[in-house]
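Input: one structure, supplied below.
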């Protein structure tokens, strides 16, 4: 396509050598990390490196966007590394470029923030932390660039490993260790499934480059097997229910920038992997795959939202909300497969754009929110919602930026969260065109579930923001909570601006997503003009303009304000809040997080394993305690461990300690083999 | 000269006696008896080796016969005797699991061994080829003996008996291995045996008995 | 003439160390000898790389691409282990677990053991191979029982009896082999046991006899490889011997035993023409992998734990050799290399760890990363490497093995994956609390020798992302030679 | 866009702002009649607003800027919504800026801001009200979406102007599925606008109220804006309902000269009068539900909407 930018030389060189440049940038991260080892114990030294990493992030984002717009894709390269008969293949196409863009944009904000975040570090030495951090970034970039199974697996597991070490940075706490163990174990099992999936994909020709897999023609059974394995593998990493158990443990355990990266970036790489296999490596898609993913996605979304609503730890709450958003993304993928399988490419690309944009949005606002929790954590040393409150007065910066994130993740116009959900609902509207009697009656209910989830998300975020930043301080110490320092503010502001920009000018990202859908599905939705309406199918069908909404609200509010001031007056008297005739109220008497979750517990009681401790009426120091548990843990995972234990006990009997018995074993083996050969 | 048949007959007789001795070892309780039996095994081996050597006039077989005489008839039994005197266990007897049953199993093993030896002896060119089965049987019986025994020393004797079986197999199947190997094997055997000798005392001072039932602490509890 | 140096020097060293062992410099002498041996090996390797395989001393010795790489590996790990054992043994001596006399025994036996392994690898004579294996067993028996504790004696005794009996079976197998060979090659010139000659005529050897012979050889040497259910000696010996010995047992002896099995397999497969031996190996391999993995689940003793892990990995390697074919053999050789490097480094770290905590019970070992980070991270990274975490080399070989298995025998992959998964959970849940968390134990008196650990891990890491051309060619030639 | 469009747009907005309180007043009047009370005059709402605007605002000491911004934001969003919804004409400047789904989003934004403001003071009632309001929100939204789905199936669009245009093409044709949808929408409307049977705008008993609980801390001009915004919200919902179910009279694309507009205004007034009466009737006949009966109530509306959907799919297929 002839683009004005093409004239400028840099852009052309970038777009022709994009892949190599990207690989070098990835290497730059690694070098930065190794460099940090020089003064491994000096915190300021490491802290100075993070912004440099952010610069690399920015350049990667920039290049990725250039590639998406003008790049001559795909580009391939073969690295002088890897196995002798299977060197590392790298490939840059629109899909990987899109996810690199995502990585760069959010990564930049997180890295800048990290520069200010890591302060008095206990646990892993700062230099080592810096190394692990940048290895994590680099491995995620390589995952999107890998073009053969081995390279992919290496990058993938390196990602898991580095993030594991980051999660266990404060390994002195037992629960952190437990979380880390659970995380790495699940990650590894997932990786085994992915490996198996590749094993199936190569279709018996023992070619492990993705190129070969693309051209492999699998029988329906094998294709489905590969797809299911991939679903389990990537679903585990993405935190799809019921493979999600590690997520609410691991994300809170990590330092906040790491939680942000895991939630915002790493989960997206899982989405990338799913798309890569489903739409690029597999040559065909069957409609029931779509139904399966759709069901899983919707269930995860609802499950995540409901559990997030009853959390009392702010980072756990965000972790569950990640499960919800991943569910939404996979819902989009499911719809895409459904449309694609029933040969409706336009709507398929609509759903896929929705999924991609939501992945991008999620990475931005979830990073933003996790980082704000980081600032709050630093300012108050509190993670429990029950001990926070009123921070909007002591930390206005964080509070304001967090508000942006809150509104965005709650899916409210005119911010970015709404755009993707709107697109997704739009694509739901066209499901009646799918030629399956039952499906087009059932799937609308899916839309209803999605709407319910979105509204629940709003509920959750109101709780999150209201309890942390609004109201009165639940602890006296919060009076002196200090606001974020300047690096942190820059990082947060960057991400908040991201939320706003995408919300107001969704066409920007719609173009990026369009490039992807163009390559994967051979069709793009109606992109519209950059500042015009967002009307993916046609303005007649449905249209939306965040810009108008934002501007409109501002104008009306402005006018109203002026008018009110002109006609009436601005006089104000400060008084105490209405105490309902009970003047001895303390700040502890505010509504608590548990209280806010109560309607959810009441309505969705069947989801949880709950145990309550109600105080007795004549209790001098009454205590109300409630524990919410994940049912899936007890029903699915404990039995597995129990059986392994039992099996291990049986096999353990072989090592009974009696020499004659051992001799008997070898004797019997000998006899058996002799009989065998005779 | 004597007729080859006669020599073959004698050889077969010796082989049979070897088998007999193995069965006897399987059923003996007294350590001392076992040692004597082991020595007898050595004697039989020596005789058979000499005969084979004479029949196929191979000088190196005489060497290995001499080696056998030195090692298995004189040295080892003597050392064993000294050992059990030093350890003062010459008179102690050990419980055996149900001798008739063991005998029956042994019988089964012998049949199995003969069956196994068919293809081998069919292709062997030696005059003693049909005794390979017996050699194999001796090995199996020694194995069985090791399994059924509870005392360290008796197990070692079982081990040595197995070595004898192997040696017999070597001579009977192939007129013995090349001399280098023979020497190597003998050397290993000797060293191993000395190590065992040292072991016995260490085990004694640690466990104050040579009963294997004390040595069952390393296991999956 | 490198071969003579490689064989003679350790023996000479053993003699020297036996004569004046108690001196202070004994440990350094030990390391020095190993180093010179290593240098000689390097020369030998270069010769082989230039001129291909060598026959020497009336064909009694034979070096081809298969065993030369094992020789190199053995010499290398032998050297690093000697380096490691200097501070380790000194600390043990301070702790009063060993006295000068025992140390002398240790050093000289260490060299004898090395010599025996070199002999086993280099000899062309199946009989000498047997003798060398037996010699290796005897020397290690003394090493295992070095502490003279009840447990170590028990372990050594079991080790001796089981391996002795096993090796006896191997001898019978050798005899049968000789019988078959003599039938073709004749007694004259004693070529009937030379592997090269056997290999030349393997097609004419009587199949049934060789089948029987292979069973005996497999059971015999397999016992030393630690294949389930012949493995029972292995965990005890690993747990109760001094750590350097556990390292060389796991890292080297098992490899050498497997090497013997593979040599036999080449002959037998050539003779009987079916895949019977391969299938036997696969069966043993799978059994060991699965059993090993499940055994791991309930371990309390750190060295015992990694002993079982050796069983599992030997199972995997054996399985790969059983599959046969260039890629599987390649993977198996690669796995041999990375396993012995990783496992020995793990044992180094584990040894220092148990010295720090003054116990081998894993419940007693805590917070290594905070006491002495090098030990802690060494243990952590080593364990992750052995668990097949990329980018470490173990993953490379496991990747190849798994994918080949998927193609050749799909039904085996679930078993292997279960084994890998269980092993991961079992080992990692034990290692993490040892490395992380808090501890109040004092650091070691001598600075631990962890250069070997990180050297090994670095090599393993490199093999994960980049296999040098030389090495690759080397493996290729070897795997072609093994064929199957 | 031509000048006439802008004029049309402005007049519609002004009209909405102007008559929204009147609509609220009219409902109150009807209720009074039904309860055989003497009704307050129709212009009572205006009086109240005027009075509130001239009072001094009493602001809690713990209030943050968010608390003071919220009334303006609420008012703003509602006015914007009024500008987007085709109440008298479809060819408007802003009409395409948001389809029905986006409108729901807009209302959600307003709701979230109000809830946050309610939590800002940190009294028990505020956050209780916020909690309940959000609950109603997430219960109502699925039903609402199903209603829109229904409309989409009928007119192939979720953009209200297109809906109106399409539906006014074939005159007075009523699809059976619309019946279900309409009832569902009505139920949602009651719930969303804090009316009986979910909430009682007249009560000030702290434990039962929802909307009032959130407005508890507001006074003077802030309260005035809140009330006005609430009236506008009700008005907007009514207009959405008209656009979806009774579009006749609205000046459609092309046929929107002065006369048509006049007709449209008249039609709108008539519809409003009728709707007010109906609402009042419902409110008079039904009693307020316990808060935890709300799920059942909204589940029923959801059920109706889905039934409408199925009926449609069945009859079309």
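For clarity, chains are labelled A, B, C and D in written order, and residue numbers in each chain start from 1.
FYI, a contact is a pair of C-beta atoms (placed from the backbone, for glycine too) under 8 Å apart; a residue touches a chain by one contact, two chains touch by 3 or more.
The model shown is predicted, which means the values in this text are computed figures rather than measured ones.
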Both-way neighbours, i.e. chains that touch subunit C and touch subunit A: B
Chain pair with the higher count of C-beta pairs in contact (B-C, A-B): B-C
Maximum centroid distance from subunit C, chain identifier (CA atoms): D
Distance from the mean Cα position of subunit D to that of subunit C, given in whole angstrom: 79
Rounded Å distance, subunit A centre to subunit B centre (Cα mean): 71
Distance from the mean Cα position of subunit C to that of subunit B, given in whole angstrom: 31
Centre distance in Å when subunit B and subunit D are each reduced to the mean of their C-alpha atoms: 103
Of all residues in subunit D, the ones touching two or more other chains: none
Residues within subunit B bordering two or more other chains: 116, 143, 146, 155, 215, 217-218, 220
Residues of subunit A engaged with two or more neighbouring chains: 652, 654-655, 659, 663, 674
Pairs of chains, among all present, that meet the touch criterion: A-B, A-C, A-D, B-C
Subunit C - residues contacting subunit A, complex: 157-158, 161-162, 165-166, 169, 211-212, 214-216, 218-219, 223, 228-230, 232-233, 235, 276, 280, 291, 294-295, 297-298, 327, 369-370, 373, 384, 387, 389-391, 395-396, 399-400, 402-404, 406-407, 413, 417, 420-422, 424-426, 428-429, 432-433, 436-438, 464-467, 469, 472, 476
Touching residues (chain side subunit B, partner subunit C) in the complex: 116, 119-120, 123-125, 136, 139, 143, 146, 152, 155, 159, 162-163, 166, 169-170, 173-175, 177-178, 180-181, 184-185, 187-188, 191-192, 195-196, 199, 202-203, 206-207, 215, 217-218, 220
Interfacial residue positions of subunit D with respect to subunit A in the complex: 53-54, 56-62, 64, 66, 72-73, 75-77, 79-80, 83, 94, 96-99, 101-102, 105-106, 108-109, 111-112, 115-116, 119-125, 127-128, 130-132, 134-135, 137-146, 149, 152-153, 156-159, 162, 206, 216-217, 221, 225, 292, 295, 302, 306, 309-310, 313, 317
Touch list for subunit A against partner subunit C, complex: 80-85, 88, 125, 150, 153-154, 156-158, 161, 168, 171-172, 174, 177, 180-181, 184-185, 188-189, 192, 195-196, 198-200, 202, 204, 206, 208, 644-645, 647-649, 651-652, 654-655, 659, 662-663, 665-666, 669-670, 673-674, 676-677
Contact set on subunit A toward subunit D in their complex: 389-390, 392-393, 403, 407, 410-413, 418, 422, 425-426, 429, 432, 437, 440-441, 444-445, 447-449, 451-452, 454-456, 458-459, 461-463, 465-467, 470-472, 533, 535, 539-545, 548-549, 552-554, 556-557, 560-561, 564, 567-569, 571-580, 585, 587, 589-591, 595-596, 598-599, 602-603
